[in-house]
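Next come two complexes built around chain A: one with chain B, the other with chain C.
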Partner chain A sequence: MSFITVYCHIDENSCSVNGETVLQKNEESSDSWFKQLYKDLAIEYPKFYKMDMLSQAGFIGSELIKRANPDLISNYNDDEIALLFANSESSADTDIRFKESYLDKKTPSPSLFVYTLPNIVLGEIAIRNKWFGENMFAVLPKFTPDFFVQYGMVLLTTGSKAVLAGWLGILEGRVEVFLFLVETESNKGEPFDIENIIKYAGF
Partner chain B sequence: MIYIGAEEIISPLGQNMEENFQAVCENRSGVSLIPHAGFNDESIHLSKITSISSQNKFEYLLIDILENVLKQIDPQIVSSKKTIVIVSSTKGDLDRNISSPFTDSIAAFAKYFKLANEPLVVSNACISGVLAINAAGNFIKTGLYDHAIVIGCDVISDFVLYGFQSLFAVSSTPCAPFDANRNGITLGEGCSAVVLSNSKEIFKKTSFQLFTGRSANDANHISGPSRTGEGLFRSVKKTLEQNQISVDEIDFISAHGTATIFNDEMEAIAFDRLEINDKPLNSLKGYFGHTLGAAGVIETAISIQMMRNNLLVKSLGYKESGTSKTLNIATENKSSELNTILKTASGFGGCNASLVIRKL
Partner chain C sequence: MDTLKEDLKKHIIEQLNLEDLQVSDIDDDALLFSTDGIGLDSIDALELIVLMEKYYGIQVTNPEEGKVAFLSINTMADYIAKRRT
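After this line comes the complex of A and B, so read on.
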């Protein structure tokens, strides 16, 4: 059996873990919404500022999941946590900005270009945590619980012991982020099935 | 057992598998100097398909490749509920809709063939193709599907070319994987397919056995290869262990070999750590350019053709050793009994993947 042990939501102005609000966007702040969330995490990770929105979203979500489950790092070997992410826009949010860099600003930006692949966020999370496990990024027409269950089960039967999964809907200011942690060696949480993913996702 | 076969390729080297493999056997390259292609209007070496007009090229390639595949298998499986189509691609049809680069093309493709299940798009940088084949094999193993069609496709765009130019990663000459004078990638475009099944009866020609492999992240850098080859080392090690294959059984390595200084060096280090650096090895980028999300499928298709023909194809562009660890790079075509092939891939985001194919 495997279980969803932690889940996390971020939208345009609020963030919650296991359904409980962690932070609401302060409209008066000069910081971006994701920067407010980063500061609230109270961690030192300057690489965060170089990341694009997609990577920042995945990074914040994964840090919140770790905070809710501090044993996550110590319970598993460095290659036992798989990363399974998807969205329907790929890296479009940064693709649009990179295209502007060569069309409007006449200088293709290398620092934007390196973020024009959706799986870069998996690399950022892997680097942060020194996780050498499995990676998969899929682009789906819409949020598809079946995909997460099907591929999640594949991962859990081929050597991974936990799956950090997520839907990262980031495009031109729209934020629809849902991350969840699936663990096999656990005695808490709800069963990892389509019904519970739909329930926790809420969209 | 997972069977794999019905391999097909569309590239500048030909419209089908036969034409492509013939060209590769003759050591012909699809790479040519394209005038005014670069950001500053400079001429750039590319492996570009000129037979299809640029509009909706991605969609046409998906349809054309599956038409090719249909001639190689029981055509009824395509629209079966027990069949999944997996498309591996980095950028899809970016020029058609930058905000949703796959939606229109994939929907049109699915409708054209009346697919029962929505295709899955794997977009995991340059390991997309190998990862998609492994995912397909695992879906069949778990009983979710009986058959899978994996299609790798990427087309050249200003977007991707200008991006690699901005990283100073584009070679001034046709790319030379693993060579001492290599200085970057040559971009390519192409489309390739393989079919996987739990039944060998669906294939009109001989099929092969697929041993699905593992992926591993370097956990090191988002755009620079690991200095120790850690992710590739781990991926191959796990793939061999999981399938109980010893290194002695590997006859050949179809490497990634992008021809950047650091990627090829990283691969050499990983293969040395795995103690497989004496195995005959090639990179096919000299023939097809770097086709990104299509590369893993194209290179798997050529590997299968090499096994069918017992012909080890030379690594085009290679002249003298240019990595700190010595590799056994194929410098000539050579008749050779090829029973077991290891295919590897590595990409941005620090990802690595591998698989093994064996003659039955």
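After this line comes the complex of A and C, so read on.
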């Protein structure tokens, strides 16, 4: 049996873990909302500043999940944690910026180009944590709980013991992020099924 | 020289799309390509080469020269100052 043991939400103004608010956006700060969250995490990872918003969203969400469940790193081997993400905008947020970089500024930006694929966020999380497990990023018409359950169960029956999953909706300032951790070797949390994903996602 | 370093930081932030960084976040002697600095990589090295030509009219054609020049803001500023004279 598998359980959802931790979940996290980030929208344009607030961030919560397991339903409890972690941080509200400070409108008076000169820092971006994601930089405020990064600072709140109190970690040193300069590569964060190079990431596009999609990767920053996945990175921050995964760090928040880890903070809520410190055993995530120590309980599993590096190939036992799978990553399963999805959204409906792919990397359009950065694709648009890249297009502007060569149309308006006449110089295609290599540093933007490297983020013009949605699955780059999986690489960023894997590099950060030295996780070598299975990973998948799907672009779907809408948030689809069935996808997470069906694909997640495949991962959990083929070698993975935990799945860090989530929806990363990032486009032109809109932020709709929902991450959750599924674990097999746990007796806490709620069963990993469609009803609970819908309940925790809230959208 | 301080103005040059300040401008250099602004150009790096703009060219490398590091909008979340501020000039004050980059130390003059921080190693640019180290995770202790701002964690740049080979893609960013390309951006720095473009930056040098675009803003300072300097073509970095020798990779070995680039390796030394791009170590930090201090070394980049020194390199620009020498190439300008």
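Things to note:
FYI, the second predicted complex is superposed on the first by the 203 of 203 C-alpha atoms of A that agree within 3 Å, B and C clash if a C-alpha of one lies under 4 Å from a C-alpha of the other, contacts with A are read in each partner's own complex, and residues count from 1 in each chain.
Simple rule for what comes next: a residue touches a chain if its C-beta (ideal position, glycine included) is under 8 Å from a C-beta of that chain, and two chains touch if they have at least 3 such contacts.
For clarity, every value in this text was computed on a predicted model and none was experimentally measured.
Of the two partners chain B and chain C, more residues of chain A are touched by B. Of the two partner chains, chain B and chain C are each touched by A:114.
By the touch criterion stated above, A:46 is placed in contact with chain C alone, chain B being left untouched.
In the superposition on chain A, contact of A:150 is made with chain B only, not with chain C.
Legend: residue contacts after superposition of the two complexes on their common chain; A:31 is shown touching chain C, with no touch to chain B.
Touch criterion not met for A:203: it reaches neither chain B nor chain C.
Counting contacts as defined above, chain A residues 107, 109-110, 114 meet chain B in one complex and chain C in the other.
Residue ranges on chain A touching chain B, taken from their complex, read 78-79, 83, 88-90, 92, 95-96, 98-99, 102, 107-110, 113-124, 126-127, 129-141, 147, 150-151, 153-154, 157-159, 171-172. Put simply, chain A touches chain C in their complex at residues 30-32, 34-35, 38, 45-50, 97, 107, 109-112, 114. Those residues of chain C that touch chain A in the complex are listed here as 15-22, 25, 35-40, 43-44, 46-47, 50, 54.
Residues 39, 90-92, 94, 98-103, 106-107, 118, 120-125, 131, 135, 138-139, 142, 144, 158-159, 162-167, 212, 214-223, 230-231, 234, 238, 242, 347-351 of chain B are the ones touching chain A in the complex.
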